[in-house]
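Chain lettering (A, B and C) follows the sequence in which the chains are written, and residue indices restart at 1 in each chain.
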Amino acid sequence: MKMKKSSLFLSTSILAAALAGCSTGGDSGSEDGTTTIEFWAAPNPTQQVYWEEMAEAFEKENEDIKVEVSPMKESPTSEAGIQTAIAGKSAPTMSENINRGFAAQLAESKALVPLNEIEGFEELLQNRSMEETIKTWKFADDNQYVMPIYSNPMLFGWRIDVLKEAGVEEVPKTYSEMLEAADKLKVKFPDKYIWAKPDLADPTAWKRWFDFFMLYDAASGGNNFIEGDQFVADDAAGVGVLQLLADLRERDVLLTKQATDPFESGLGVFTDIGPWTFSYWEEKFPEMVYGETFDLALPPVPDDVSTENVNTFADTKGIVVYASATEEERAAAMEFMNFVYSDPENDLTWLETTKLPPARDDLSSNEAFTAFFEENPELKPYADAIPNAIPSIDNAKYNELQTHIGSMAVNPVVEGTTSPEDGWEEMKRAIEEELNK
Amino acid sequence: MVGSSKGLVFRYIIAFALLSVMVFPYLYMVLNSFASWDQVDKSIIPSSFSFRSYEWLFTGGEGGMSRPWIRSFFNSVIVSSASTALMMVSGAMVAFALAKMKFKGRDFINNAVLFQMFFPAIILLIPTFLIVQNVGMYDSYLAMILPKALSLWAVFMYTNFFRAIPDTFIESARLDGANNLQILLKIVLPMSKSITTVIFLFLFMERWTELLWDMIVVRSDHMLTLNVLLSQMFGPYGGYPGPLYAASVILTVPIIILFLCFAKQFKEGMQFTLK
Amino acid sequence: MMKKRFNGTGWLFASPYLFYGVIFFIIPLIWSFYLALTDWNLIAPVYEFIAFDNFIEAVQNPGVQAAFFVTFKFMGAFVPMVIVSSLIVALVVHGLPRFKGLFLIGFFLPYLASGVVSSLIVKGLLSYNSSINVVLRESFGLDIDWLNSPLSALLVVAAIIAWKFTGYYALILTAGFEGINKEIYEAAAIDGVSAAQRFFRITLPLLYPALFTTLILSIGVSFGIFTEVYQLTGGGPNYATNTWQMEIFNQAFTNLNAGYASAVAIIASIVTFVAIIMIRKILEAWGKRNGWV
């Protein structure tokens, strides 16, 4: 009967051992001379497909390097997922989908490798023709931490079919045109809204890119908002944006309740649209046709601002290499980037699969790209807006700062619990306090 | 007497109505998982049905990549089973020591268990994460299993139950030359089947639906549990409510089946625990 | 009867707890106090000791203050909801001559739902263009902003969790009802006691032990809410559903302020510990004063 006792412990320990065996870490076994690098793609299927294709093509030419592509997890945001992985001492070798502010934050914690310290970076910049673009990406410590992949100007979509029925023939370009359209819409369709978007009432930092910053960049002519540790925002433009929200609210044309596909169903006639939306529509809403059901436009501006050359927010993300990567892995990562970006065809494939404009100096001159935009008229407005697109703020505290914009200004104004002026002042105070911490 | 039987019918009707309200969300979930995409969330009972949501889950739709739904299902099975098994074994062992063995320090351990059971566990979250990280278990099954390899509640429940078993059983076995492990396995546990079922079901359910811990100690796509994967899906797949219900069905149905299999023993076991 | 020779075996049998208690309780506990005194951000190689700055910052922080109050507000909504609904279920079910077990099993099913699933279902049910809201708007003129107004968001989350626990607590209460001797009621009927009097004078006192259990359990639940809030409201609108768990998770794993989050966790634990003990004492005193215990 002694057997029983030991077998219980034995089976428990076997179970534990077996489970330990299952837990494969992200170790890059370089015993047989191959280096394995792990690449985290943005958590959307299209970008994942693109990177898997690239990895496969790369591995064919470089047998000593393996590239493992997987989507980054969102818990609750992809930024948090990356941070937890770094904290778990288990960051990937490299990842895409990194904005400037987040890169600054990671760099401050020494979690990123300065790309300029890896051999081959200069070559990469030349090959991809991005020596101009990269200049604006330099960080405060003179290093380059991000290799920008794309720079996408955000545009607003308008449901022109609904607007026409309401008697609005032209897409509104200014605040007063927008408010006029709101009045007409409400007369014809009391149940419809100009802007149906729950995010307006949500303080989550990144959500401000797709409402506040689009409008603010347009209203302020591309003012910087924050420079270094200084709050330099254009007060008049900022209050103006909040005033627009307040005016829309007063007319009951803002809807912040959770609604399923509000723009597609015509519940709201105005929303921010990125090019990634189009493949989703192809699958789910084939009735969304550019020029018929919807139109794309730059953000509306205050009445005293020119409607020519309007600025907008540029959603722009890039690749970083994490500090936990070994020398071999860093070199391999650079080699992979060089492979992908030395051939403009790969950027064209990127453009075709993701619809996001590559961050290159020659986007408007290189025939490979101009031809693509001719064939895809709904993407032309994005290409046209590139020169006027403003990237996100690059402060390491961007997360806290943008949360203040939401919780102190945008959210309460949209809810009607504060006035635009008071909201702006509150926000300004909170941001300055945060910057001086 | 006529009045009382009428009253009884009335009570059955009320009971049935209440039950319908309680299980309605499940019904809604199942119906919507089979609904045509233009019908999802549009009415209580969809008017047309399709398998598109399930197809989409496993193939990723027209554009793309499917997420590892099947893999994550098995991850959940592995993690929940291993973790529950360890919690049952450790629970029974510790409880046996506390209830039926006499040794120096027993009261201290007993008090420690009680104290820890009522101690707010939230304080332990961050350092436990750091322990897992420091021993290199981050992003592994072990990270999800070991910190949940012992349940104080299971110890508590077993201890209470074992205490109710008369010592005479144990003494006579001991006189027959049985050792403690034999007594536990041959006498005590067979007498505890119903409570074991209750403990097992509660532990398994809780482990199966854990979110916070499984979410923070895992980073790789192929290590996610089903519950975590479903939780993440609302982000990138926010526009796909149909598949979301389909995934919910896949998460919920196995645990309901498991529960119904053990329902009879569960009922008996609950009767004991509630006395 | 049992002698000291069992000493070693006793410790051996208790060893799983000893390992577990040291590795997953004592060490983390000490570590968390240490962390709370630093400004470590979970990933940086260096950090500084900042004494009690984290605690001072925490008590002034709106998120932490919200968590403190939200827990009690949540208790105020959830506990009555779940007690009343499980009482109703138990009242209806306990006397049924047939299928009682089947009903109890049915009512228990919601307990099996993952918080993620129930939150996603509720999100769908409450979406602006869902059938429920369409009917409310078109037939009753009610346009409810379920998840964006502080009170209703709190109530929705409370209702989801009450839905989950009703069947479980009804089981406990049904057992309580069954423990009540029928003869007492018959005697009361002869004495001409009214229904209300019967409930308060007879049923309630005899049900008190079961009721006490469910009360304590449900109060415990109120202190540990995470999944539903994370999935449904993210703690909003404007911290209206920001629980301790949510605040600590956000600080530690979204903002990576490990030191600060540890301080918040310590505060949360103290508040929880003190509150539960006080509530317990009050409930016991209440029972004693009425002579129910």
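We take it that a contact is a pair of C-beta atoms (placed from the backbone, for glycine too) under 8 Å apart; a residue touches a chain by one contact, two chains touch by 3 or more.
On a predicted model such as this, the values are computed, not experimentally measured, just so you know.
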- Query: Which other chains touch subunit B while also touching subunit C?
  - Reply: A
- Would you mind checking which pair of chains has the most C-beta pairs in contact? B-C
- With chain centres set to the mean of the C-alpha atoms, which chain is at the far end from subunit B? A
- Between subunit C and subunit B, distance of the C-alpha-averaged centres to the nearest whole Å: 17
- Message: Can you compute the centre-to-centre distance for subunit A and subunit B, using the mean CA position of each chain? Integer Å is fine.
- Response: 38
- Task: Give me the residues of subunit A that touch two or more other chains.
- Result: 75-77, 84, 87, 260
- Query: For subunit C, what residues touch not just one other chain but two or more?
  - Reply: 123, 127, 129-130, 230, 253, 258
- Among the residues of subunit B, pick out those that touch two or more other chains and give their numbers. 40-41, 89, 129, 179, 216, 231, 241
- Task: Sort out for me which residues of subunit B touch subunit C in the complex.
- Result: 8, 11-12, 14-15, 18-19, 22-23, 25-26, 28-29, 32, 40-44, 89-90, 93-94, 96-98, 101-106, 109, 112-113, 116, 118-120, 122-131, 147, 149-150, 155, 167, 171, 179-180, 205, 208-209, 211-212, 216, 227, 230-231, 234, 241, 244-245, 248, 251-252, 255-256, 259-260, 263, 266-267, 270-271, 274-275
- Task: Name, in rising order, each residue of subunit A that touches subunit C in their complex.
- Result: 75-77, 79-80, 83-84, 86-87, 106, 108-111, 196, 198, 201-204, 255-260, 262, 265, 267, 399-400, 407, 411-412, 415
- Query: Can you list the residues on subunit A that touch subunit B in the complex?
  - Reply: 1, 4-5, 8, 12, 15-16, 19-20, 22-26, 43-46, 48-49, 52, 70-71, 73-77, 81, 84-85, 87-90, 260-261, 279-280, 282-284
- Task: Give every residue of subunit B touching subunit A within the complex, in rising order.
- Result: 37, 40-41, 60-65, 67, 78, 82, 85-86, 89, 129, 132-133, 136-143, 145, 178-179, 181-182, 185, 215-222, 224, 228, 231-232, 235-236, 239-241
- Item | subunit B partner contacts - residues on subunit C that touch it in the complex | 1-4, 6-11, 13-14, 16-18, 20-21, 23-25, 27-29, 31-32, 35, 88-89, 92-93, 95-97, 99, 101, 103-118, 120-125, 127, 129-131, 163, 166-167, 171-172, 175-176, 210, 223-224, 226-227, 230-231, 244-245, 248-249, 252-253, 258, 261-262, 265-266, 268-269, 272-273, 276
